[in-house]
Amino acid sequence: MTLFGYRVPMMASLLVWCVLWEIVGRLDLMFILPPFSDVLVAAVDLVQLPSWQGATVTTLRAFLIGMVLAICVGIPLGMLMGRVKIADDLLGMWVNIFSSAPLSAIVPVLMILFGFGEKTIIAAVFLFAIWIIVLDTRAGVRHISPSLIEMARSYGAPRWALYGKIIVWAALPEILAGIRLGLIRGVKGVVIGQLLVAIVGYGALFETFSRNFRMSQFWALTIILFAFALVVSALIERAEAKVEFYAGVR
Amino acid sequence: MVAGTEVGRTAGVAPLSRNAQAVRLFERPIVLRLVSIGLFAAAWQIAGLIPVSFAFPTFSDTMAAFVRMMADGSMVTAYGSTLQPLILGVVLATFAGVGIGTLCGLWRPGEWLLIPVFIVLQAAPVAAFIPLVTFIYGIGMTAKTLAVIILALPVIVLNTYKAVRNVNGSLLVMSRSFMGTRWQEVFKIILPDASPVIFAGLRLGVAAGFVGVVLAELLITPTGIGDLITFARSRADYAGMYATIASVIALSTVTLVALQWIEVRVFRPEKRGG
Amino acid sequence: MRAAVVRNEAVMNEPAADAIVEVRGISKTYGGVEALRDVDLDFPRGKLTSLLGPSGCGKTTLLKIIAGLIDADRGSVVVNGKKVSAPGPERAFVFQDFALLPWATVLRNVAFGLELRGTAKEEREAIARRYVADVGLAGFEDKYPHELSGGMRQRVGLARALCVDADVLLLDEPFSAVDEQNRRKFQEDLIRLRTNQNKTFIFVTHSIEEAVYISDRIVLLSPRPGRVSRIIEPDIDRSGDPDRIHRDKHYLDTVEEIWQGLKQYVE
């Protein structure tokens, strides 16, 4: 939108909200909203605490392992479903069901199967992220123009070349979109997993801060987490933009 | 999903052999679904028999527990407690969401101010707020309804906003050429054109609502489905626990499929090609 | 057998007898590109005038300025003696991509112009039914656009424009999205329609054959910047069998002459 003739980007409105937050906090209108500046101070203090640093390492490690697993299993599964009709027919229903089901209900199962530690969190991330990766990979593979495949075959391409040189690249825009959405879901998975397990990582911290109404720290942690999710999402969007140039003409 | 295609019989084509007929049977979607479910159940049964873990009941045990819990009323009561905040929350989120989304789609300042907030809420793990909500509002309907709303609202707003913004421009020009007023544009063109995507957003909102209510109940209340799950676990009634979880997933799936069916029937996609 | 009358630039400024639409000094620039420069034109009442030219000559821009859908940078448009700068009841537009409401029946689509005007439902449906029959779609009133072919959809668009009883009908390449066979049929139908209605038609096309086939008057526009280069009035006898026109000597000569003039603009 334009203000006094200058184009103001949309995300700039978030700054307006931060200012509003500051005002609301200073006026002490709601106890759950301390002044924004207090939150920032709390954030700076927080990152210096070894407990936070430890929690971050735990959280990040579980997140990354879970995501890598989800990507390594999800992409081949999606390709299988995209190329082999039987696999698609049998598995498709389940992938669709799980991609929109309340997966948080399954986390208790993970807790009894994997215990109360990191393994459960990794499993939660894996569970949350994988379905959308499979679906988007499958969509990307199915969108490939058949003549592209026929062209490769007509020039004698062996299977590995077909997959490595054509299919993965042709489906890349959708695969990256799937990874981006999978990352966002993975972050939700790590948070929900930790909230339910409640003795590790950020989940434990959230629990403590909420229970004791230490709002500045709660919001500080929230902002750090939200910022992480958005940054990671933006990074993948950059990658998607790189392959955008051929996405339209496939 | 993939629909089986049936080759039409043209006059003069000889009837298919037994084998071919069997293959054709397997291409029909309902048969495939049943086979798929059957395989899933079989895999579950085997995993439970191995057993994969001491805490992994077989498919048959789980089904038995389900029947038991339905019979003694515990599951019905639990759902009664869960569905109320879910439906209330979804209804409130729908009205608020469609209203806000339409406003942002039509009014630039509203878009600038509100959409970034909802984009952040959509991408961020707002589940982190649920414990806070329950600490503030207690363990009753209010907290659960709020949990549903904070998870469902962003996706409804964003879908509505996108739909309203991406209305077929040609139709708007056509309306102007016949001297339509702005209100006529909104109600006769923009909203009807946006309605399929708005409804799709609603469906996603319902899915998010399920997540919200289950999570709220798992965390901190003594009622509802979430509590039933935690309670079963604490008594090592794993079959009961799995049965409850499976029922919630099944319910959510059935609801979403029903909504999708409505979406296709009422807002038929082929109608979009005017 | 009269020779086709050709008017060249020097004679152009002589105002046409009873011009319903007068365009004076219209100029329009789009982001640095001059789409139209100083266009002066008269459109005679009751006649079908075509705007013809290669892509980039501004013909659609000019049409939309006359319709009031786009603002000109300079110049004026006068319709029935009154200056106009926005859409009005005396002009109706037929769109190249049909612009039909996909969720409405044929009947509602045809009646849509009247609906926006606030005409009562019974009245507007009665009027709509008449025009649905007029364009040859009787029986299709309750069908939806996705059930119709491209040619039929454009008939709906045409019927909608006829319903509002405007004096001037503006058609923006109405048959370009229609297949060849239907296109010829449409052209024949348009000639027949014209004898039944005493409206003025302004028609944008890039097809020389089409322009010569149906027009009383052809305005040739040249591109970059868009200007009027010639006005031609093909004197073709259209009273008889429409198929015969395609073999009429004057039709063929005029088409060839125009093509020779436009060839230089083809990239």
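Labels A, B and C are assigned to the chains in the order they are written; within every chain, residues are numbered from 1.
In this section, a contact is a pair of C-beta atoms (placed from the backbone, for glycine too) under 8 Å apart; a residue touches a chain by one contact, two chains touch by 3 or more.
Since this is a predicted model, take the numbers as computed values, not measurements.
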Inset, instruction - Considering only which chains touch which, label the overall pattern as line, ring, star, complete or other. - result: line
Inset, instruction - Would you mind checking which chain's mean C-alpha position lies nearest the centre of all protein C-alpha atoms? - result: B
Inset, instruction - Return the chain whose centre of C-alpha atoms lies at maximal distance from the corresponding centre of chain C. - result: A
Inset, instruction - Could you put a whole-Å number on the gap between the CA centroids of chain A and chain C? - result: 54
Inset, instruction - Let me have the rounded angstrom distance from the C-alpha centre of chain A over to the C-alpha centre of chain B, please. - result: 19
Legend entry - Distance between the centres, which are taken as Cα means, of chain C and chain B, whole angstrom: 49
Inset, instruction - Over in the complex, which chain B residues touch chain A? Could you list them? - result: 1-2, 32-33, 35-37, 39-40, 52-53, 55-56, 108-109, 111-117, 120, 123-125, 127-132, 135-136, 204, 207, 210-211, 214-215, 218-219, 225-226, 229-230, 233, 238, 241-242, 245, 248-249, 252-253, 256
Legend entry - Interface residues, chain A side, partner chain B - complex: 1, 8, 10-11, 13-14, 16-17, 32, 85, 88-94, 96-98, 100-109, 111-113, 184, 187-188, 190-192, 195-196, 202, 206-207, 210-211, 213, 218, 222, 225-226, 229-230, 233
Legend entry - Residues of chain B touching chain C in the complex: 170-171, 173-181, 184, 188-189, 192-193, 270-274
Legend entry - Interfacial residue positions of chain C with respect to chain B in the complex: 67-69, 87-89, 92-93, 95, 97-103, 112-113, 115-117, 144-146, 153, 164
